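Both complexes shown next keep chain A, but they swap its partner, so chain B is in the first and chain C is in the second.
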Partner chain A sequence: MPAPDSTSGPAIANVSRRGFLAGTAVFVLASGLPPSALAQEKEKAFGADAMPNGWRDDPTLFVAIAADGTVTVTCHRQEMGQGVRTSIAMLVADEMEADWAKIRVVQAHGDEERFGNQDTDGSRSLRHFHMPMRRVGATARTMLEQAAAAQWGVPAAEVRAENHRILHQASGRSLGYGDLAKAAAALPVPDRAAVRLKDPKAFRYIGKEDVGLVDNADITTGKAVYGIDVRLDGMLYAVVARPPVFGGKVRRHDAAAALKVPGVVKVVTIDPPEGPAEFEPLGGIAVVARNSWAAIKGREALQVEWDDGPNAGYSSAAYRDALTEAARKPAKVVREQGDLAGAMGKAAKRVEAEYYIPHLAQAPMEPPAAVARVQGGKAEIWACVQAPQVTRLRLAKRLGLQPEAVRVNVTLLGGGFGRKSKPDFVLEAGLLSRAMDGAPVKLFWTREDDLRHGYYHAVSVERLEAGLDRDGRPIAWLHRSASPTIGSIFAPDPKHLLPFELGMGLTNAPLAIPNFRVENPEAPAHVRIGWYRSVANIQHAFAIQSFIAELAHAAGRDPKDYLLEVIGPPRVVEPTELGDVWNHGEDPKRYPIDTGRLRKVVETAAQGIGWGRQLPKGSGLGIAAHYSFVTYVAVAAEVAVDARGRVTIPRVDIAVDCGPRINPERVRSQMEGSVVMGVGQALTAEISFDKGRTVQENFDGYVLARMDTAPREIRVHQIAWDDPAMPLGGVGEPGLPPVVPAITNAIFAATGKRIRRLPVGDQLRA
Partner chain B sequence: MGHVIGTAALVLLLTGLTGGAAASPCGEAIGRLQAQIDEGAEAAISSSSGGQGVAGAREGQALEAERRDAPVREPAAPYQKEGKEAQAVQQAADAASGGGDGVMRAKAALNRARALDQKGDAACRDAVAEAEALLRGRP
Partner chain C sequence: MATLTVNGTQRRFDGDPEMPLLWYLRDEIGLTGTKFGCGVAQCGACTVHVNGQAVFACVTPMAAVEGGEVRTIEGLSPDGAHPVQAAWRELNVAQCGYCQTGQIMQAAALLAANPSPSDADIDGAMSGNLCRCGTYPRIRAAIKRAAGAAKGGRS
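Showing the complex of A and B:
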C-alpha cells in the first residue's frame, strides 16, 4: 500500500491539506486567520465556544472547489467508525446546494488554531460544529452566487444555486461550480449576517437516511488507511517492553540476545514519566527492527529486570474490598437535597445494595499505532489519534521543538473509544525516530500491549440506600460512588472524583426523590485511569437503574411503571439546580434536563419490546434509562437463561432522543454499536489485576460480545423532532450506559437472580 | 416538553410542605449565596468545556491547586498552547472554585442549610458558613 505523502498527495482520501492545495484545486478560499477569531473569550462561553481558541467561523479553511467542480471538504474531526466525515460533509454540501456525487473529503492535520478544536471526544462533533459547518457551506454558496451575478451583470438576488450550478432564471443562463470557482475565490468572505442559511424544508442530505458513508468503498475494498497501515520508504518497526506494573521502571536490562535476532537494528531505553502519567510514555525498552516480526521476537529475547514500584501489590480483589469499605462510611458530600436522615428515619422500609463494576479496556479493534519521522528540527507523524492538536503540542514539548515544526497527519481510526485520545504511543514513535537519526519508525502496540498497559475505565463500587414510604415510593436516597478518578493522570495522587465525572449521571440524576444525597469516598488510583466510551455514566447508570428495579421489586411494582414514577412528572430542570457543575460543557439554560423526554424514551422502548407480554420460563424483560451527553436513551432487553446459566439475548429495543438528527443512519448505527458493546460489558468483559499486573492479556481473557452473545435483533427507535432550532444532543456515547442494567434487570426477571457484580460471567451457573 | 418545575418546587410538591411555619434564621444568607453558587456553577461549566479530555485535565489541575492552596502548575496536558492553557486552568481554579469542586460542595452545604432553615433550626448558620468557605476555596 503506498505511503501517504504530505507533500505529493497520497492515494487515499486522507490527503494532507498542504498536498491538496498544491494539487488541482483552482478555487481555494484564502486561509488567513482573522485576529478576532483568535481572541480569547472574555465572557462565559459554553460548548464549542468555550473550547481552546473557540471555533472558527471561517469557510476558507474547510472548502475547496476544483475546475471540474469537485468539492473537497476538510473534516477536522477524527473518523473512528462513527461516520463523522460523512456527517460533516453532509452539512457543508447541503448548504452549498452541492451534488453529493461531487463531494470528497480530506482529513485535517492537527492544528487547532487553524481548524478549531479537534479533540474528538465527548459526543460533540455535530453538537458543537453543525452550525459552523452549515455556515461554511452557506458562505461558499453565497460567494458562488455573487461571482455568477457579477459575471452576468445582474443583481445577486436574481440568481440562485441548485444542484451544483448557479442559475439565472430570467435569462435561462447557468454556470457550474467549477466554472465559477476562480472568480468566487477572489471575492471577500461575506459577513455572517449576510449569509442566508437554507430553509430546513429544503434540506437534501441533512436528516435524510440515504446518504452512504464517504469511506464505505475504501473500507470494504481494503483501500482505507488506518494508523497500522501507514508505510514510508525506509521505515523501521518498533515495539516496547513496558513496565508490567504501572509506576514501575527498568532496574537493569541485557539487550545482547535481542540484538542477535535477525532484523533487529537497535535497542533504545525510554524513560518513564517523572510526574503524573498524563500522555507520557510509560517508559521501558524499545526494540527497533526492519520488520514487525523481528521487533516482536527481539522484545521476547530481551532480558529485563523490573522494579515494580509502588503499585506492585495492586490486586483487584483487595481493592474491591477497600472500595466497599470506603463506600460504607460517610464521605465527601457532593449533592444534597432535603433531609436524608430525617426521611430515612421515617421510612416504612429500607433497602440497600452494593454494585461492583470492574476495570474495562477500550480495546479498539486497531491497537494504537503511529509512524514518526523526526529529522532536521521537524517532526511528521501519521497516526490514528482522536486529538491531533494535543498530540502535536505534547510531542513538540517532549522533543523540544516548536509546535509549528510538528505536523500530525491523521489516518482513519480502527475504533477509538477514548483510548486514542491519549497520544503516549505517538510520543514513543517520535522518541524512537529521533533515536534512529530521523529514520521513519512505525511504533505499534500488540493486543497484549493494549490490554496490559492501557488507560483503563475506572473500577467502581456503588453503594445505594433508600427509604420507602408505606406505598413503596422512595422518599430518601443515598448514593456513595467510590472510584479512582481520571484526574489521577493529570495531578499527583488525587483521591476524589472530579466534577465532570460526578456530572455523568450522579450529581445530575433527575429523580423525583425529595431527600437525596450523593457522597464520594476516597479512592486512590493504582493504574492509569482514562476515559472510555460514556465514561462514568457506565457505573452510575448500572447502579441507579439496577437499584430502581430492586426498589420496584421490594415495593411489588412493575419495574417500568416504577421507573417512570421515580423519574417523576414531566418537568424541565436546570442541572445546576441538582448540583451538577459540568453539564457536558453546555449552557444549562439552553440544555436543561427535560424529564418528559426521558419518560418518552422509556415508554417508547417499552412499547417497542412489547412490555408486559408473556414469556416462557427462563426468559424475562428488563428496562433502564439514562441521560448523558445531553441525550435521552432507554433500553428494553429480552433475555433467556438456560438451565446451565447461559444467557442469550433475543431482542433489544433502544429508544433515543438526541434532538434534531443530522444523519439518522449514523444515529441508528451508533445505537446498535452501543448495544453490542454493552452486551460485552454485561456478560463477559473485565480487566482485573494481580500483583499489579493485568490478568487478562488478549481476547481469550478479555471477552467482548461475539456472534453467539450479540442480540439476535436490535430495534432502534429514534424520537423525531421537527424544530431545527432545538439543541443537538450527543450520539456516540449515550447509547451505552442503559444497556447493561437493562440486561441485568431482564436476567432478574428471567431467573430471580440479581446481578450486582459485573460481568455476569458464571454467576448464573447452577 | 415538560412543564418548568424547579427542584425546590418539586421537593415541596413531593414532601407536601407548604412553608412559612417557622422563622427563617438563614433566609437572607441563603438567597445571597445561591446567586454566587449559580454564577460559580456556570463558570465551572464554561471553564471545563465539553470534552472529557479538557475537563479531566483542567478540573484535575485546578482541584490540585486548590488543595495545595497554590497557583496551578504548568499544564500537564496541552489542550492549547501553554500560556493560554495555563490561563484556562487558572480560570478553572479561581472562577470555578477548584474546577467546580468548591461550587458543587457549597451547593450541597447550602441545600443542607436550606433544609435546616425551613425547620427554623439555627444550625443552618453553620451550614451557611461551610458553604461560604467552600466558595472561597477554603473548605
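Showing the complex of A and C:
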C-alpha cells in the first residue's frame, strides 16, 4: 500500500476485495490524509509530535470492517500488562459507535513510517495516542454514515450511528456496519477538520469499566502467545554463555563436550560490541539444539575461559563507598535558587542524611526471548519487544540488511518494565539463525541470564542537607544525587546524569523552599545501566520523601502536615523555572506542575488510610507523594513490625491524579501493581555485585513480593476530572516511586528506625 | 521410554529421562500455556497437575511422571469455563498474563483440596507463584469468588 498523501486522493481501499466477493473480506477504509501534518507546523515539538515518526490518525491503518460486521483494530503499541490493547480498542470503538462484542484486536508489526511511533515506554501510549485513536474511530464512523446516506439518498446530517448500525430516523431505515463496509471503504477519507468527535457524555466505553480485557480468554486458557511461545517448523532452540563480567570476552573455549550432548546441533561464537554496549549482544558462546533442555545441558557442558576485562573489580560495597564520598563534596550544579550558603548559615537547625538505593533488575516473568528466521537477504522476527522499530533498525544494521528487509512481529510481552526496550536478545536470535543457514532459531534467556546480564536500574547515593528556621520550616535544601547514567550505554564513559534523568523528580521537585541547590557528582558505570519502570524517579522519590519525613521529625511535626507545607500552597509552576528542560517530553505550558493537584492526592491518600488514627505498638502509618510522567501520586501505607523485625503491610491507600482517565479499571490495576512492586523494592529486592558478578542469580536471591508479603488490602483512589480537554498523564510508571518511601516512613512511625539503605532486609532484626 | 497421559491423551516419550516435564510440554508437544520463569521451582509459572497435585514442571523430570496423569492449563476445562478461569476473567486479574496460567493451575488445585480457603490458606498455597505485575490482591479475590461460585453451584 502506498503511503497516503494529501494530493493523491483515496489510496487503496481494501486488502482483499476478491476475498470480500467470496464472502470473507476484510475492508480497510480509504485514506487521503497527510501524516502528522500538524506536527510539521510547530517550531518546537512536544509530546507525540516530538517522538520519532510521530503519530497517525488515518483509519485505513488501524481499522478494518468485515462483511459480518467484525471490526478489527490494529494496536501499534505493545501490550505488557498495562492493558493498552484494550484501551486503544476502547477509544476506537467508542468513537466508531461500535459494538464491543464485535471488536477484535490485532498487533501491528514494527513499522513506524506506517503506524507512527511504537516505542512503548515512558507511560506514553494513551497520553500521546488517545486523540489520534479517537479520530481514527470518529473518521471511520463518519465514512460509514456517509456511505449509508449515499445509499439512501439523504443528507449525511440526517443519519446517525448507534451501536454498530447507521440509522435514518425519518424513514426508519438502518444498516449494519458489515453491510456498509464495502461502500464506506470506497469513500475518500474525510478531512480531519470535518470529523466530529463524540460528546464525552455519550461515551460508551471511554472512562467506564464495563469491558473486559481483550486478551482475557486467551490468557486464562493458555492460548496467549508470548515471545517465548512462538513455534515454527524446523525451529531450533538456543541459549548463550555470556561473559560473567560486563565488558569481558571469551579468551578460549572448547565445545567438544557440549557437542556430545544429545540434541545439540552447533556451537556458535557471538562477537561482543566494539564500543558502548548500546543494544548489542554481550557476545559469548551460543549452543543451538533441538530443544530447550538440550541447549541448556549443552551450555553447562561448554568449557569457556573468560577474560573478565576492566570491570572485574566491580563490588557494590566499594562502589557505595565511592558514591558516598562523591556525594560529600561539591559537584556539578544542576539547579540553583536563592542563597544556599547564606540560608544554611542562618538556620536554627541543620539536618543531613544519605540514602542508598541498590541496582534492581526488571525481571519480567517472561525472560527475554525471540524467534528469528534469517534467509535469502531477509529477516523475520517474532519477539516480545517494547520497541519494534528500534529492534528492526538495530537488527538490520547488525545483519547488514535494509530495514525494509526486516519484519518484526510483536507478540504479547510477559512483562517488560523497560527490559524489553533493549533488543540485544533479538540481535542474538538473528545472528544465530543466520549462522544456522536460515533455520528458525528460538533464542531464550534463563532467569540466571536475566539477572546476571541485565540492563540494571542505576545504583544511587542521594545526600540531602537542609537548614530549618526557628519554627522548623526548611529554608535551605541541598540535594546531591550520585548515580551512573543510562547515557553510559550509548557513549564512552559519561559521568553525569542526562537531562531526562535530572527531570525525574530531582531538579523538578516542586518544593516551596527558597534556597535550593541540586548537584550531580560524577559516577562511572561498571555494568549496563538501563530503564526500569519509573527509572530515576525511584531514587529521587525515596530520598526526597524520606528526608521530608526526617525533617518533620526534627521539627516535631506531623509528617503529612509537614509534607503539605513543604509542597507549599496551591500554585502552578513551570518546569523550566525548576531547571527541568525535559518535562517528560511535554510542553511546559500544557503540562505545568500544579502543586494543588499534588496536595490533593496527599490529602486523599491520608484520608483513605485514616491518617492520625491510633495503632497498636509496632504499627505505624507513613505517607509519600511524587510527581512523575506528568501524573500526581501519593501513597499512605500501614505497616506492622513484629518483635523479630518482620514487616507486614496490612494496607496501602494510593491516590492518583492522571487527568482524564480512558480506562479506569486499568488505572486501578497499574496502581495495585505499582504498590506490590514497591513492596519488593522496599523490603527485599537488590542486585549487588562482587568481583564484577551479580550475587543474586535467581528468584531465591532476588526476592520479590509474593502473595504472603504483598499488602492484604490495596485501595486505589482516582481523582476524577470531567474536562476531556485536560491533558492526560501517564499511568504505567508514576505509581511506583512514592510506594517505597511511604513504607519506610511507616516503618519509622512503627519502630523509630529510619531506613536509609534499601532494601530493608534484616535491618530491623532484633 | 516413558508413557504418560497429558490432558487425557496417552503419550510416549523416548528422550532424556532427566528432561523436565516443562520442556517436554512446551517443546515436544507444543503445550506452551505452561510457562518458563525460573527453572528452579522459585516462581510457579510452570505449575501443572500431576495425578491431581500441583507441581512445578520445571523441576519434575520425565522419569518422575512415568505412568502419571498430567493436566495443563490447556486441559483444565474444555471451554475455559472452570470456575477459577471464569473468576479470573470476571475480575480482570491478569496484567501481562504470563504467570496467570500457573496461578490458575495452583488455585484450581487449592480449591479442589480446600473448597473454602482462608486468607492464610491462600497465602500458604499461592506464595510459591510469583507475579511481577503484582496481581496478588485480585488473585486472592478471584480465588474467593471461584470458591463461592463452586459452592453456589453445588447447593
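In this section, the second predicted complex is superposed on the first by the 727 of 766 C-alpha atoms of A that agree within 3 Å, B and C clash if a C-alpha of one lies under 4 Å from a C-alpha of the other, contacts with A are read in each partner's own complex, and residues count from 1 in each chain.
Definition applied: a contact is a pair of C-beta atoms (placed from the backbone, for glycine too) under 8 Å apart; a residue touches a chain by one contact, two chains touch by 3 or more.
For clarity, every value in this text was computed on a predicted model and none was experimentally measured.
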item	value
Clash or fit, chain B versus chain C on superposed chain A	fit
Contact breadth on chain A, by residue count: chain C or chain B	B
Partner chain in contact with A:275 - chain B first, chain C second, else both or neither	first
Touched partner set for A:224, first chain B, second chain C, both or neither	second
First (chain B), second (chain C), both or neither touched by A:467	neither
Contacts of A:707 with chain B and chain C, given as first, second, both or neither	second
Contacts of A:498 with chain B and chain C, given as first, second, both or neither	first
Partner chain in contact with A:132 - chain B first, chain C second, else both or neither	neither
Superposition-derived angle with apex at the Cα centre of chain A and sides reaching chain B and chain C, degrees in steps of 10	170
Superposition-derived minimum Cα distance between chain C and chain B (Å)	20
Doubly contacted chain A residues - partners chain C and chain B	none
Residues of chain B defined as touching chain A within the complex	1-8, 10-11, 14-15, 38, 40-57, 59-61, 63-64, 67, 76-82, 84-85, 87-88, 96, 99-101, 103-105, 107-109, 111-112, 115, 119
Residues of chain A touching chain B in the complex	40, 44-48, 50-53, 112, 117, 119, 121-122, 124, 127-128, 275-276, 278-279, 332-339, 387, 389-390, 393-394, 397, 403, 418, 421, 475, 485-492, 494, 496, 498-502, 507, 512-514, 517, 531, 535, 568-574, 576-588, 594-597
In the complex with chain C, residue positions of chain A that touch it	79-83, 212-213, 215-217, 219-226, 228-229, 231, 237, 262-263, 291-294, 296-297, 363-367, 412-417, 444, 446-448, 665, 669-670, 672-677, 698-700, 704-714
Chain A-touching residues of chain C, taken from the complex the two chains share	15-16, 19-20, 23, 26-28, 30-40, 42-43, 45, 72-74, 76, 80, 85, 88-90, 92, 94-101, 104, 119, 122-124, 126-140
